[in-house]
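Given below, in the form of structure tokens, are the structures.
Both complexes shown next keep chain A, but they swap its partner, so chain B is in the first and chain C is in the second.
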Partner chain A sequence: MSIAEEYTETPADSRLKRSLTYLWQRRRAYLLIAPVTLFLCSVIAYPIFETFRLSLYESPADSNIETYVGLQHYVEIFNSDIFYQLLSQTGRWVVVGVAGKALLGLLIAVHLNQDIRGRKFFRTAFLIPWGIPYAISAVVFRWIEHPQYGYLNAVLLELGIIDQGIGILGNPNIAWIGVVVADIWIGTPFMAIIFLAGLQSIPQELYEAAAIDGAEKWQQFRYITLPQLKPVILIATLLSTIWTFVSFDTIWTMTGGGPINTTSTLVIWIYQVGLKNGNLGEGAAYSVLGFVFLFVFAIIYLRIYTSGGEEL
Partner chain B sequence: MTMAGHDQAGLRKVRIYGVLIALLGLMMFPFYAMFSSTLKSESEIFSSPATLVPTDPSIGAYVSVWTQTDVVLWIANSFLISIGTVVLTLLLAIPAAYSCARNEFVGKRVFLLGVLVVQMFAPVVLIVGLFDVITSFGLFNSYLAVIIPAAAFTLPFNVWMLYGYFKTIPVSLEEAARIDGASQLQILTKVVLPLTKPALVASITYTFLYAWNRLLFVLTFLTDASKYNIPRGVFSMVGALQTDWRMMLTVSVIGILPLLILFAFLEEYIVSGMTAGAVKE
Partner chain C sequence: MPNDATDPFGEESIDRRQMMKGLGAGGIIALAGCIGGGGDGSDDSDIQFLTMGVGDNIEDFFEENNAQFEEEHDITLEFTSVTWDNAQQTVNNRVDGNEAPDVGRWPARWIPQLVGKEALEPIDDLMESEWGDRFYDGMAEGCMYQGSYYGAPWAASNKCLYYNKDVFEAAGLDPEDPQLDTWDDMLAAAQQIRDEAETPALGLAGADAIETGSQYYHYHWSYGADLIDDDSNPAVNSSEAVDALTFYTNLHLEHEVTQSSPLSSTRQDIRQMFETGELGMVIAHVYTSLNIDEAKENGEVDFDYGIVQVPAGPEGRYSLNTIDAISIFSQTEVRDLAEELLQFYFDEDRHFEYATNKGFMPTIEAVGERDHFQNSENWAPYIEAAQYARARPKLSNFNEFNNRMVQAIQEALADQKSPQEALDDAQSDLEDTME
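For the complex of A and B:
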């Protein structure tokens, strides 16, 4: 006799009983998703909760003493100049980075989506920058942009564009460009491959019909390719926006956020304040602000992912 | 086709190749800069302006890097961390993905979307809270401190990838095996998983690459230099005042070699994985 059957049957009990029976019948299904659920709860959900809690405390990383300070960190952040500087730098970083990756990716994809020899070779070669450690790409770009020994200076001198070496990463006005170029280089392959997949799913008949109607190549691109590719462009751009927003390794390896914080973004600052300077509480408060941004992106992403599914 | 038509088609091909080769040159230039610098002598690498082609190429740097740096140790650690992450991720993801593909149950949608949301919580935004959790579990400075977060952030891709693939495998195959007396575990390991090979290869490649490439977790949770992976090792060679660029770039070349080999063999799986990860079929 099961536990549920020992109860006298009232409507409420029978509902409970039905629920228990339901869970029992599907116990294997639930048992199999339990490890992932438990794991993600302890490694992701709990740290999220912990971040919110910490943001209300003064908590030095090198001691166990935590002092409750309420919303003080947030008040200080909103009253600081650096926060607004970080916002504008993060915005610039994301907009320029994502635009660069999308345009270059589209250019590569359109040319890869042709009936040519060696397509597989080109595709593999274009993919490689995406697959290597960001920290390694970052040191290589640091080397290329080196003020004295760098290849960039050598090329520019050779071409006669400059007559004396320039130090990009040490110059507060242009250092961010030096970093964003590396980031575009890293992120372009993803865009190119996703766009290529999107291009390949466009029915060929559309182009044939357009060609019969006398549409030029550019018109075909403008009126067939772009509209057909729109859902893919939307998803890829959104994902890229999220990844660019949170990218850490590249900036940290190239400049550490300097010179004078000009290459810093919101997430670089989380690390700088929370872990480098050892002020977990304030770092957590910056993290919470980072969550807010990600949350907005996540909602947009999920809406497109779940509702627009049929179109993709 | 007329002569003019031939010419036009030929011209188009030339233009396409031209653009592709130019773009490829642009994308490959950093690799050239990296590799050619490692072939320079200690004095040539510090010549200004830089020589674009090494005047007297030698593999001296590759010989001395074995004795002067911990590159072997870093590579070994990278393998350990990557393989550990792959094993942990698959052990968690396979049962969950299988359960979702084969059963209808209340909460399935919430589970799958919840897993997807994890992907949004990028590591660095979570790093402060994660630091607190890792230290209070006493995991700080252990390999697990790196493997566990890496597994958490690769799980979404793995669960979704395998879930999608399991759904395409006909249930009738499993029923046939069941009639033959196979247990549930046997069905999974002998019937389902072998058929899932393409998805498994994509999953493993993605997870391996992710763990191999990550600097953040090692930078934050491992202070013991003997546990550094390749990105952390390279990062540790960036000196505040002086950087041995020749050695550092040589370590970089060696550090990406395993990945280049992986790419050469698994390119198709990587592409299908990337595509499936972002765009729902």
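For the complex of A and C:
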């Protein structure tokens, strides 16, 4: 009897029975993945649970004693100004960063998809930022933007645009731009490569037919490339959003979250509060909130993604 | 539809023996992931010695002496150096994970935090013996907390004010008599440099919390302000503190005598600017002069510098004193051996070699009295500055305290808040934090 028959032959069978039958049929598959499931539970589920638990305790830096405080950390966080400042800055960091990486990545991918001379060289060259460790790229950008020794200021001074070095990373109003530019530079190659792979999977016949119908390049891009690339764009931006949200190295290396916390994001603050200041309980509460935001975002995003009947 | 006939998990796809092998292998991997990975070789060593920030200039010193200690005691010594960035977290992780080293060398200001965790062994017996009497009193006291010694002073550093003689000359100031006794003197010289020379007059650090604090507190204390009161409650917004922060921020905002963008500059940035001759004055450690002398010998820079005491404020003169301690951790099972390691490294000649190589103040009086320190133009001002030495307060949450204080300094430096508003807000937040 085939599985399909088992599922359809007896309408009177209970749902439970059908489920059990299904499980029994696949018992070996479940047995085989059991070790990995256990392993994942130990390295993923346990830390998440432990973080939830810790967020309900006061765990100061100078003591081994944990005191149960319930939801006190959450109440304090929601009543603090810094939390809303961090939310705003994290949102800005993610939106600008991901949009920048996606737009630049798409632009590069479209051009690399053309039949241009030196295409292999350019494809390799555009991958370089992705291959350099984030912290090293961040140090390079910190030096580029350095008010006394930086190339950026040197060029602006040489051109007579400024008469003394600008401290981008020291200016509370624009420091975040100095950091997000570095993040976009680092993250763009990933987007470009993913988009390029997507572009190469679009059948050329569509463009040929459109050309015969008189569609201009922009119309081809608008009505063929973008719709065909939609699944790739959605999954790439989802991944990039998650990575940008949890990004730590670039900000910490370039500014440490300063000046005056203006480049801090939720992740930077978690490190600052939990590990640097030693308030593990409060840091854990911030972590839980970050986890919840990301989780809700991912669900909404995937709902939108699959709303057209497409699946991952 | 070809896939309809295929059951990837059916009887034909894998036999029972294969499945058991797979399960076994998976289980082993899972178990390895859960319980493995801790092998750092530490079980093979008789004693573990953790330090931080061991650079090229001192690496050989430790390698040679550790080898000698191993040979003398016929043991294995595991020596680890971590970077300063990770140091505090490493120590805390090891303590919390019951993997503390036997001996550790670190900043004494971390002592309160670990005493709270009962992670350190008091070494009163040692420090109150003839052996402990060899240390400068003030430095030994820097390792004391709640009436007990939790470390021996391994190294110390304090600060003086450097000035570039060439820049002074270019500005029409007398490089041999720089007149830098008070903050107002320093400001007057800086204004003249600003008007007469092209080099920025004064280095001001504002980018990094610890370093910004360590630069600013000279001003704060010298105006008669404090960080905490006698009951260890925050006291950062007194009128004296506001005067100090007003003077500090005006150096940049009103008088424009600093390098551009202090909020972009770490202490290291301004030190490097001075060491390359691109700054008129800076408050810095003794190793700045050692670096310049080495660079001059190598033909990399060519300028003369002078060292004077950190200028005095209305209520006195202070030189920020930082002490590194060497401590024995409570988790040690080789307490006697740990004490012997301390005694080994505090041998006078060994201590002299360390201090001279690394550019730290000696902590043993007899070493400080040696000609090398007494007769050196570089060292003499720092030996003199010991009388103005002042350490940061010993607070278990000093990082948090300092971060908030530095936020206030940055807010004032960025002209976002007046010094009064910035310090009032800091006081309010610190009271909440420390209640």
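A few comments on the model shown:
As a working rule, the second predicted complex is superposed on the first by the 258 of 312 C-alpha atoms of A that agree within 3 Å, B and C clash if a C-alpha of one lies under 4 Å from a C-alpha of the other, contacts with A are read in each partner's own complex, and residues count from 1 in each chain.
Going forward, a contact is a pair of C-beta atoms (placed from the backbone, for glycine too) under 8 Å apart; a residue touches a chain by one contact, two chains touch by 3 or more.
Source: prediction; values computed, not measured.
In the superposition on chain A, A:21 contacts neither chain B nor chain C. Contacts of A:242 after superposition on the shared chain: chain B is touched, whereas chain C is not. Contacts of A:32 after superposition on the shared chain: both chain B and chain C are touched. In the superposed model, A:261 makes contact with chain C only, not with chain B. Look at A:64: by the touch rule set out above, it reaches chain C but stays clear of chain B. Of the two partners chain B and chain C, more residues of chain A are touched by B.
When both complexes are overlaid on chain A, the residue A:276 reaches chain C alone and has no touch with chain B. Contact with neither chain B nor chain C is seen for A:219 once the two complexes are overlaid on the shared chain. Residue contacts after overlaying the shared chain place A:148 against chain B and chain C alike.
In the superposition on chain A, the residues of chain A contacting both chain B and chain C are 26, 28-29, 31-32, 35-36, 39, 42-43, 61, 146, 148, 165, 275. Chain contact summary for the complex, chain A toward chain C: residues 3, 25-26, 28-29, 31-32, 34-36, 38-39, 42-43, 60-64, 146-148, 164-172, 255-256, 258-261, 272, 275-279.
Contacts from chain C toward chain A in the complex involve residues 7-9, 14, 19, 22-23, 26-27, 29-30, 33-34, 88-89, 92, 96, 112-118, 206-209, 259-265, 269, 273, 278, 396-397, 399-400, 403, 407, 410-411, 414, 416. Of all the residues in chain A, the ones that touch chain B in their complex are 22, 26, 28-33, 35-37, 39-40, 42-44, 46-51, 54, 61, 104, 107-108, 111-112, 114, 116, 120, 122-129, 131-137, 139-144, 146, 148-151, 153-155, 157-158, 165, 185, 188-190, 193-194, 197-198, 232, 235-236, 239, 242-243, 245-246, 248-249, 252-253, 267, 270-271, 274-275, 280, 283-284, 287, 290-291, 294-295, 297-298, 301-302, 305-306, 309, 312.
Listing the residues of chain B that touch chain A in their complex gives 13, 16-17, 19-20, 23-24, 27-31, 33-34, 37, 45-52, 91-93, 95-96, 98-100, 102-103, 105-107, 111, 113-118, 120-133, 148-149, 151-152, 155, 159, 209, 212-216, 219-220, 230-232, 234-235, 238, 245, 248-249, 252, 255-256, 259-260, 262-264, 267, 270-271, 274-275, 278-281.
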